[in-house]
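Two complexes come next, and they have one chain in common, chain A, joined by chain B in the first and chain C in the second.
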Partner chain A sequence: MTVTTRLRSGETRTTGAAPSRTRRRRIASLKAFLYVAPALAFSLIFLIVPTLQTAWYSLYDWNGLSVATWAGVQNYIDIVQDEQLRDSFLHVGVLVVFYSFLPIAIALLLTMVISRAHALRGMSFFRTVLFLPQVIASVVIATTWLSIYSPNGLLNTLLRAIGLDSLTHVWLGDFNTALVSVGFVGTWLNVGLCLVLFLSGVGNVQPELFEAARLDGASGLQEFFGITLPALRGQITVALTLTVVSSLKTFDLVYITTRGGPGNSTSVPAFEAYNRAFNSGQVGSAASVAVVLTIGILLITALIGRLQPKDTE
Partner chain B sequence: MKLSLGEKLVTYLVLVIFAAFALVPLLGVVITAVSPSSSTSGFRMPESIELGNFVEAWDRGHFAQYIMSSVIVTITVIVVTTVLSVMAGFAFARLKFFGSNIVFFVLLAGLLLPAEAFIIPLYFNLRSAHVTDSYWALILPQIAQSLAFGIFWMRNQFMSFPGEVIEAARLDGATDLRTLWQIIVPPSIPSIMTMCLLVAMWTWNEFLIPLVMVTQDNLRTAPLGLAFFQGQHATDYSLLAAAGIIIAAPIVVLYFFLQKRFISGMLDGISSR
Partner chain C sequence: MNGKKRSWTGVIAVSVAVALSLTACAPGAGSAPAESSGPVSKDVAGAGDVTLTVWDQNTDEGITDAQEKLNAAFSAKYPNVKIDRVTQSFADLKTTLKLALSGDNPPDVVQANQGYPDMGAFVEGGLIRSLNDYDGLYDWSSYYPESLLKINSFSADGKTWQGDNLFGISQTGEVVGIYYNKKILSQLGVEAPTSLDDLEKSMAASKAAGILPMAYGDIEKSPGIHLFGVVQAAIAGSDAVNELVTGAGGAWTDDATVEAAKTIQDWSSKGYITEGANGVSRDDALAQFEAGQAAFYIVGTWKQAAISEAMGDDAGFTTLTPKGADSPVTTGGEGLAWAVTTGSKNPDVAAAYIDFINNAEAAKTFIDENSLPSVIPADYTPKPGLETDVFDTYGSVTSSGGLVPYLDYSTPTFYDTLTSAVQQLTDKQVTPQAFTEILQKDYSGFVGSK
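Right, the complex of A and B next:
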């Protein structure tokens, strides 16, 4: 303590040292900035500036080659009026149910039944298996399901084997089943993710809490709503963010399995943006779709982030 | 706390059902891949195991070339991302500098933006700079995306590093750079490894950037190669399955050995944003 006070009083007395100290601080600040400069340059050149350009592009009519003409907000009006674009955004609504709500609901239900599974032997094996789909390339996942949904694929074979021949479909080629089939792949992908996330959350709950609840004669349902669900709020927000954003970003799966078809029954915004920019020469329209999609993703991330309980941060 | 026998049974039953739910499609791929190649017969259990599909897919699909491209891109992205993330993460965690909040916010934006937000102008920018159709067009944007995650990951790691150790190094006259590489980095290797694994996985599996940036066959990465292979052999599911396994194998093998790192990395990395 005495040392620091002496130093401090020494500083106040020698006023002549002040300029050199600010300069030293400036040099230190500049040096520190050099540590982040390369990363900042990467972010600006490859992410930030192009993102701003996307907003700029969206106000033009441009085929990617000739001179662009000013279009104002016409591209945005088209998103509402053009049936194909409007549908692509509506399809995302269906995908959110399959990618996010269903997996979270199923995983929560399972967590209720097996809330103390994390303590069981062999849990690390189950965790590995349940999480496995997350690490496989989306293109491989897509070709896998393409094969499963094919006329003589695994799904139809199974249906025939149990005598449900009438239910067999050309799943991805039928207007009625294509979007649901694409969505179900999302359910398959995300159930494991949510379950692993929730079980790890329950693992953090002190076992005494459950024991106390049992001694008080709480039913399984009361235990779930009283202890498990509140403890999982953080994990549920994370799961919501992850799965909703992944459904909004769906591209690889649609590109490989259906290319938006049949008709445009499985088209999604990310696919429309890609297709218009790089195949059909409607760069301005593609950019406007990208802008709306980006704003949607940022808004939803922010909204869900608000649900996050403060104490876990 | 002890579980009753009944509870245990129910728990295992649920886990087995859902593990099977996750595994059946993947086992289906493996079975299809070792079945005789044909486009009409459909799915059935094979009478004999046939490994010829892997050879045929490898040869006809140019997968040696595609995997080579993927390896070049992935390794470059990992090395550059790691060095730059460690430096920037250190600066954000341990150094004070003017404008650090603004810079941090800019990098945070990079973490939240979907690829659709920037890919269209990025393509035209790189095309005017004559960079498209090169490995650079695959590597540079991928680094930019990976850095957003890497910096947050390393910053969190370095913020929990004991401050006294750093102070002691400073008092001994070590420069910031030396403190970073000789004092802070060595004990942080496990968390740097986790970051490398995740960046490797994301880069290896990336589809949109290669799809947009390259047209030459010899520059295609493995997933893009599979997409084109699928276009040519649309209904030869045995070949497609074999090709899919070849592409997924490197990351899946890494995952089986290091599953704890993958899972905790992906879940922590996301929830700490």
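Right, the complex of A and C next:
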């Protein structure tokens, strides 16, 4: 008897408490929502709405001043059909190699060498020097390289000094070398970033592992592929994400060094978007380039994220 | 998980709704301020305290000083007017002016670049006002020659350049021509060229003597417009080029334009222009010419003060006369047009201001600062040397109708199309025929859509 009453009373209590608890939960979640509201409002006004607006503009043919006319997906079709726009996306593909793959490869090589020599003297000095390009404003970097690449700049002077006159070039003015020259600045820029990331990763590896490998007579290469590379998987993913995104977003370097020239040989999507929106009055087309670029960056970042080892998450 | 998803869809739905309500319908609809069509007046003193916001691009040394002087003089004459000057480079003005004009609080007076990309778009968007009524008060039509008024005019809908509505007036005159080094020319035993044939002969002689014939740097891309414009004008003549740029007729693939492209590619092959010009800056090329390392340099009269300072009496200025014509034909025009915005609350004061900084008195201020005014005062005798060359050339091309407009006025995207095509032409990436086809593709797209 007592049991049933208790049960019954218990039941009544639960049924009676149920609505009040959900209400409480609702109030709690409302409170939580209030906490994030300022941040949400901020990103809504300054990120989400402009993004959607850009997507909206991309469906119009608009000079930015007069009333726009509906264009449907024509701006997107143009990205494929218009040689200039298509090329800009191809160029950025080349830049990915120079901004991302090359620096990572070079940084891995340097890591291999440096991690063998543990107590390298002045290590912090070299690390600072290699990281310096990341700290300098990109406008300064671009201007510096503009001067290095100029007809009588450092690079050509150097080539002449060692008797390689035939190799001298107007690096940024030649259709064949301009894009590679811009890309190389990216390589120079990103090696330091990758190296600092990798060195910190190697620092996390138990020294006993290296010691054991050495006692077993492993060569430098074996040590690298057996220990260092697997240990750096997380850092490589981070480096890949950062550098690929920075290459896809490239604007400042191109804007200052070549403005997309000679011809259109160094034009990139971010520059096209800017130029079309603010200079040549093709706001719809600019918006469509921006949308495609954004989606591309999100997709590639998501794909790279899959490389991330699960255990570090 | 489900709840999370639902709240996300909620956020997206709300965002879409907000975005759609913000944009309402087609972008740009209903953004143009209504044009005030009240009576106009010359009265400035009676307008009360007024702050006039002025956007200009007079940043070159002499010109900015002249502008400061004129602003100070206007404020001294009308103490009730305060001038808020916003000055920036041409390129910066070009990119920011559209945004400023389409905002809620546009400047009162702006300098608008001529042609379809800028002035045409502003007129079409209803952002600058027709000055025909103020022309009635200030009589600019009799002060300026017809050729200069035409450049600053559009049809009321902005679709036809050189229409019957005046939208601005200009302070300075501009002619693009060929500066030459007198010492080198006399050393080669040739006269200053006045035709394309002469020029090519002089360049051949210069090349043979081991002197770079023409300094040319095109990394900034804009000098290509001047090089091509000068050669095209000398081959095609003024009527053909005028019709092309205004959209009145003709095609970029016409024989004369192909011939001009051939000529330039030929110069590049023969080494008449700086090698690797696409990687050489405009300033470096000018420095090369000023240092006496090249016989010729093509640029506009706005560089007169700088070249004269660097070379003194060694520099001369010439333009080319097409075959069968009596007078030279070349690219040129006038400085950016001073226009009054539709959104200005004090159009009377704004009009009085632009009259004040553009009139005959202002022209003298510009001459004092070594700049070429759009209308040279009748009683002024230029100083001998480069100034005489420049002033005389300007006077003769404006009066004979030998001025052809900058080619980038042709379509809203022509600046990019032409400048990158010239880079391809000089680097032999395209044939002259293919070069003209690139231009024609952009052109026919725009002319066809009008």
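Of note:
Definition applied: the second predicted complex is superposed on the first by the 270 of 313 C-alpha atoms of A that agree within 3 Å, B and C clash if a C-alpha of one lies under 4 Å from a C-alpha of the other, contacts with A are read in each partner's own complex, and residues count from 1 in each chain.
In this text, a contact is a pair of C-beta atoms (placed from the backbone, for glycine too) under 8 Å apart; a residue touches a chain by one contact, two chains touch by 3 or more.
Keep in mind that this is a model prediction, so the values were computed, not measured.
In the overlay built on the shared chain, the residue A:Leu299 is in contact with neither chain B nor chain C. Of the two partner chains placed by the overlay, only chain B lies in contact with A:Ala270; chain C stays clear of it. In the superposed model, A:Val129 makes contact with chain B only, not with chain C. In the superposition on chain A, no contact is made by A:Ala212 with either chain B or chain C.
By the document's definition of touching, of the two partners only chain C reaches A:Trp171; chain B does not. With both structures placed on the common chain, the touch criterion links A:Ala105 to neither chain B nor chain C. In the superposition on chain A, A:Phe278 makes contact with both chain B and chain C. In the superposition on chain A, A:Leu44 contacts both chain B and chain C.
When the shared chain is aligned, chain C comes close enough to touch A:Gly261, but chain B does not. In the superposition on the C-alpha atoms of chain A, the part of chain A touched by chain B in one complex and by chain C in the other spans residues 40, 44, 48-49, 53, 56-57, 64, 150-151, 278, 283.
Within the complex formed with chain C, the residues of chain A that make contact are 40, 44, 48-49, 52-53, 56-57, 60, 62-70, 149-151, 169-175, 178, 258-264, 275, 278-283.
On chain C, the positions that touch chain A within their shared complex are 11, 14-16, 18-20, 22-23, 26-29, 94-95, 98-99, 101-102, 117, 121-122, 124-125, 127, 218-221, 275-281, 284, 412-413, 415-416, 419-421, 423-424, 427, 429. Only residues 1, 3, 7-8, 10-12, 14-15, 18-19, 21-26, 28-29, 32, 40-44, 84-85, 87-88, 90-92, 95-100, 103, 106-107, 109-110, 112-125, 140-141, 143-145, 147-148, 151, 176, 201, 204-205, 207-208, 211-212, 222-224, 226-227, 230, 235, 237, 240-241, 243-245, 247-248, 251-252, 255-256, 259-260, 262-263, 266-267, 270-271 of chain B touch chain A when the two sit together in their complex. Chain A meets chain B in the complex at residues 28-33, 35-36, 38-40, 42-51, 53-54, 56-57, 64, 110, 113-114, 116-117, 119-120, 122-124, 126-140, 143-148, 150-154, 156-157, 188, 191-192, 195-197, 200, 207, 210-211, 234-235, 238, 241-242, 245, 248-249, 251-252, 255-256, 269-270, 273-274, 277-278, 283, 286-287, 289-291, 293-294, 297-298, 301.
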